[in-house]
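Down below are the structures I want you to see.
What follows is subunit A paired twice: with subunit B in the first complex and subunit C in the second.
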Partner chain A sequence: MPALVVLLLTAAAVAASVGAVRISPSGAAGALGRRLGLVTGPTGQADAVLFGIRLPRIVLGAVVGGALGTAGAVLQSVFRNPLADPQLVGIGPGAALAAAAGAALGGVGGSLSAGVVGGMLTALVVRRLGRRVAEADPTRLLLAGIALGAVLSAWVGFIVFGSDRSLVPPIEFWLLGSLSGSTWEVTTTASVVVCATALGLWASWRRLDLLVLGRREARHLGVDVDLVTTMVMLATGAMVGAAVGAAGVVGFAGLVGPHLVRPFSGPGHRRLIPAAALAGATFVVLADVVARTALSPIEIPAGLVTAALGGPVLLWLIARRNARAT
Partner chain B sequence: MALLVVSAACGESGATTTTAATTTTPATVGSTTIATTAAPETTTTAATGAGVTFVGADGVATTVTDTSRIVSLSGDLTEIVFELGRGADVAGIDVTTTYPEQATKLPVIGFAQQLAPEAVLALAPTLVLADQLTGPPEAIQQLRDAGVPVVVVQTQTTLDGVVTKIGQIAEILGVPDAGTALAVRVQGEIDAAQAQAFAPDAAPRVGFVYVRGPQTLLLFGQGMTTQAMIEGAGAVDAGAGTGVGGAVPLTPEALVAAAPDVIVLPEAGLAALGGVDAFAAIPGVADTPAGQANRFLGYDEAYFLNLGPRTGQALAQFVADLIDVMQSS
Partner chain C sequence: MTLLLEARNLGYGADGTRIVADVDLAVAAGEMVAVIGPNGAGKSTLIGMLSGDLRPSTGWTRLLGDELVDLDPLQMALRRAVVPQHVTADIPFSVHTVVEMGRHPHQVTGTTSPDEDRAAVDAALATFDMADRSRLPFSALSSGEQRRTALARAMAQDVPLLLLDEPAAALDIGHQEQVMRVLREWKDARRAVVAVLHDLNLAAAHADRIVVLHRGSVAAEGRPGDVLTTDLLEAVYRQPMRVVRHPTRDCPLLIVVD
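Right, the complex of A and B next:
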């Protein structure tokens, strides 16, 4: 676990030090010192770039990645399905639909709160969907999620093309996900929602551990399976909704995060949840560094980078399952 | 019958209108008052002005004290800055700047409508010129938080707006005299071009179709700069006239309903599409009066669409070309 914290901090340091504006280490140290009140002096452009542009973006990247990593780990347990990912099962597109509508009505603030509500509602729909499609074949949940996501994403498009462009971010923001809209206002709001729900899920680690054994087994061990599942899905939906409202549908962090750490953390949620969150956060922060710098000065959506890196993980997971089945 | 695609080579206009400017006095420049209220000491072209405070279209008052490193976020603004003799102070441009040629050699900061603040800050600007299309607003705020003055100039969509815009840029740069001179010249050119314009009873219907490759075909209408150019030439905007607001994806039916006598296209996009023949083969085009008589006009995008210093020349050429294609068929 400490190793993952160090990795995330290293990724954040890398992200803080690269960008179109060159900031020397001493300039950065000075700006940091001034911010922490260690040294006094006039603030310059380095301060504005570090604390006004890069830092809110790094924190938002970590929050979005952390939320998706946590949500991925939890969904994989609830559905007992290693392929479950908050975006692929349709929660992300549902949150995006609500967030786009919220943006059309109330700008950035509306986007976040509507995203949270939309995420929670879609999570409940996905829960029913997950129960109907048999647990026997994990890929069917994915197929149902893709179908749901396609429908919801189409409606995102209707909203984007039908509303005031100055209020609603463009379609590629919603479908691909991007951290370019990060300001402290967005970052702070999203952080509060994600941290609260993540702590709630982490506190439920014992029940999640039992849920993985199977619904019947968990019930025999005294877990109110329906209530716990509903609460867990609502928390996951809210968390994903906040992430999507702030940054659109950034893909694959919910697969990459948990699968990267599970060999080290084991299946127990007390260790798995924070580890998956940290791994997801590191993944998105680093992906955004690539998104900002690869084609500088033009920024590409961070979701393009996460998909390019994370898509192969999904393929590997599917291939591995097939190899096991035959 | 004649197929006429006019090459609007930048700067060399065959129009005979440029002499009209000298006879116009500053007091009669269009119907617009040019702001010449800047303090007298700012009339030199020194790199640093004396602190002009300008209230932008976003309602934000910005005090500009140093204009030695300008980043221009719109092609028309870049043209005006260069025409005002301050091209040497431009440090960066956005992708819409394609003229003058010296400007295109400057660092490009990407798309002004998807502004990446750091790309602008990396050029260490002392002044950022933006318009109302620049965004997102958070990015503009981040630039201001970094201590860079960002002036949001009103986006103009009428011919009268040209001199307003020139006056505003001149005021911001602290060169009101150069601004007045340029505004007088441009307004004179616009007036001279309009003197040749079609009478209402002879007005052809003209449609502007924006082309950028086969997948991007838009019909322009109400509120676009093309409406100002088309109506300035005395013609009827076929798009705006059939209820098209802004730019809408071109559908065969919309084009047939617009029934343009002449279709105007951006040159570069037309070339990317495969030329006039490829355009004429698009469903619907052949069923318009323009398609039947082969009346297509192609212009450089910035030359025709930017309302700026070249608008008078572009309008004069456009009027002459319209008269030409209407007579030859």
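Right, the complex of A and C next:
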């Protein structure tokens, strides 16, 4: 766990220094010291870039990645399905639809809160889908999620193309995901929602552990399975909704985060949730560095990078399942 | 003698296609009751209703005096433990962790201490011969070991009533006997066991009372020596059988004949 914290801080430091304006580590440290009042000195361009642009973006990347990593870990347990990912099962597109509608009606503020509501509602739909279609075969949840996601994404497109371009971010922001919309206002709001829901889920680690035994077994051991599942799905939906409202559907962090750390953290949620959150956060922060610098000065959506890196992880998971089944 | 479990007029399924119908059952502390019957007789459905998994279409069940429908999952978990017929196999947790999960109801209500939990888990692991495998992941075990782990979890739950659906299935003959012996010693002045058993000789040797389920209803009920007769068994199982005295034990021995 300390190693994951160091990794995330290192990624953040790298992200803080690279970009159109290079800031050396010492320059960044100096700017941070000045901001905190530890040292005095003249502020310069580095300070403005660091605090006005890069820091909110890095924090938002960490918050989005942390939310997706946490949500992935939780969904994989609730559905007892290693392929469950908040975006792939359709929660992300549902949140994006609501967030795009919110943006059309109320600008940035409307986008985030609508995203949270949309995420929660879609999470409840996905819960029903999971019960109906996916009890027997884990891959069916993914198929249902893809179908649901396709419909919802199409509606995102209708809203984007049908509304005022100055209010609603473009389609690639929503469907690919990007941290380009980061401001302190967006970052702070998203952080509050994500941290609150993540803490709530983490506090439920014992019940989430029991759900892994199976719904019936969990009930035999005293868990009100229906109530717990509903609360967990609502929290997950809100968390993913905040992430999507702020940064669109950034893919695969919910698969990469949990699966990367599970060999070290073990299956227990007390360690798995924070580890998956940290890994997801590091993944998205680093992906955004690549997104900002790979084709510089052009910036590409961070979701392209996470998909390029995370897609193979999904393929590997599917291949591994087949290997075990035969 | 206190009744731990009392069921009246239990039925499951729609009218005309009842899987279980008109079952009365009373289980007192200190008893081990075996439920036997051919495939499809409704044994698992009955256990499902008694454990609160299935809502009966007729009748009611009382668990330590309170009707099941009035109890929440936690209250039920403090009164009965269940080992279903099919144990979920792909569980990534270690054997030790799975057994420790049996302590959950007590941990939630704060009626236990870490020392107490540890003692209960260690005792349950030792009882079912799983102590040396306790660090292995549950998914890596054989099906017999998984069953013993599930039994150890139910024992660590430390409640008055055990509801077991084929506890001896997938176990080798030595562990079958061991499990039945453990259950017999476990039941006492305040605890009882209800177990669905497929092996009639296991039921004959270890149960205090046998309930024979046939086409969803109770065909016979009583002490093994009284219930296990050639006439009844041949009628229920459609298989010629002979009932003799067990050469060393004080119980009937069932032999299949042609």
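Just so it is clear, the second predicted complex is superposed on the first by the 323 of 326 C-alpha atoms of A that agree within 3 Å, B and C clash if a C-alpha of one lies under 4 Å from a C-alpha of the other, contacts with A are read in each partner's own complex, and residues count from 1 in each chain.
Please note the rule applied: contacts are C-beta pairs under 8 Å (C-beta built on N, C-alpha and C of every residue); 3 or more make two chains touch, one makes a residue touch a chain.
Only a predicted model underlies this, so the values are computations on that prediction, with no experimental measurement involved.
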item	value
Touching partner for A:290 - first (subunit B), second (subunit C), both, neither	neither
Touching partner for A:53 - first (subunit B), second (subunit C), both, neither	first
Which superposed partner A:223 touches (first subunit B, second subunit C, both, neither)	second
Partner chain in contact with A:19 - subunit B first, subunit C second, else both or neither	first
Touching partner for A:206 - first (subunit B), second (subunit C), both, neither	second
Footprint of subunit A on subunit C - complex, ascending	51-53, 72-74, 76-78, 81-82, 84, 88, 90-93, 97-98, 101-102, 104-105, 107-108, 157
Parts of subunit B lying in touch with subunit A, wherever the complex brings them together	107-111, 114, 116-119, 121-122, 124, 135-139, 141-142, 145-147
Subunit A residues within the subunit C interface of the complex	80, 206, 209-210, 212-214, 216-217, 219-225, 266-268
Residues of subunit A that touch subunit B when the two form their complex	19-22, 44-45, 48-49, 52-54, 108, 166, 169-170, 180-181, 183, 292, 296-299
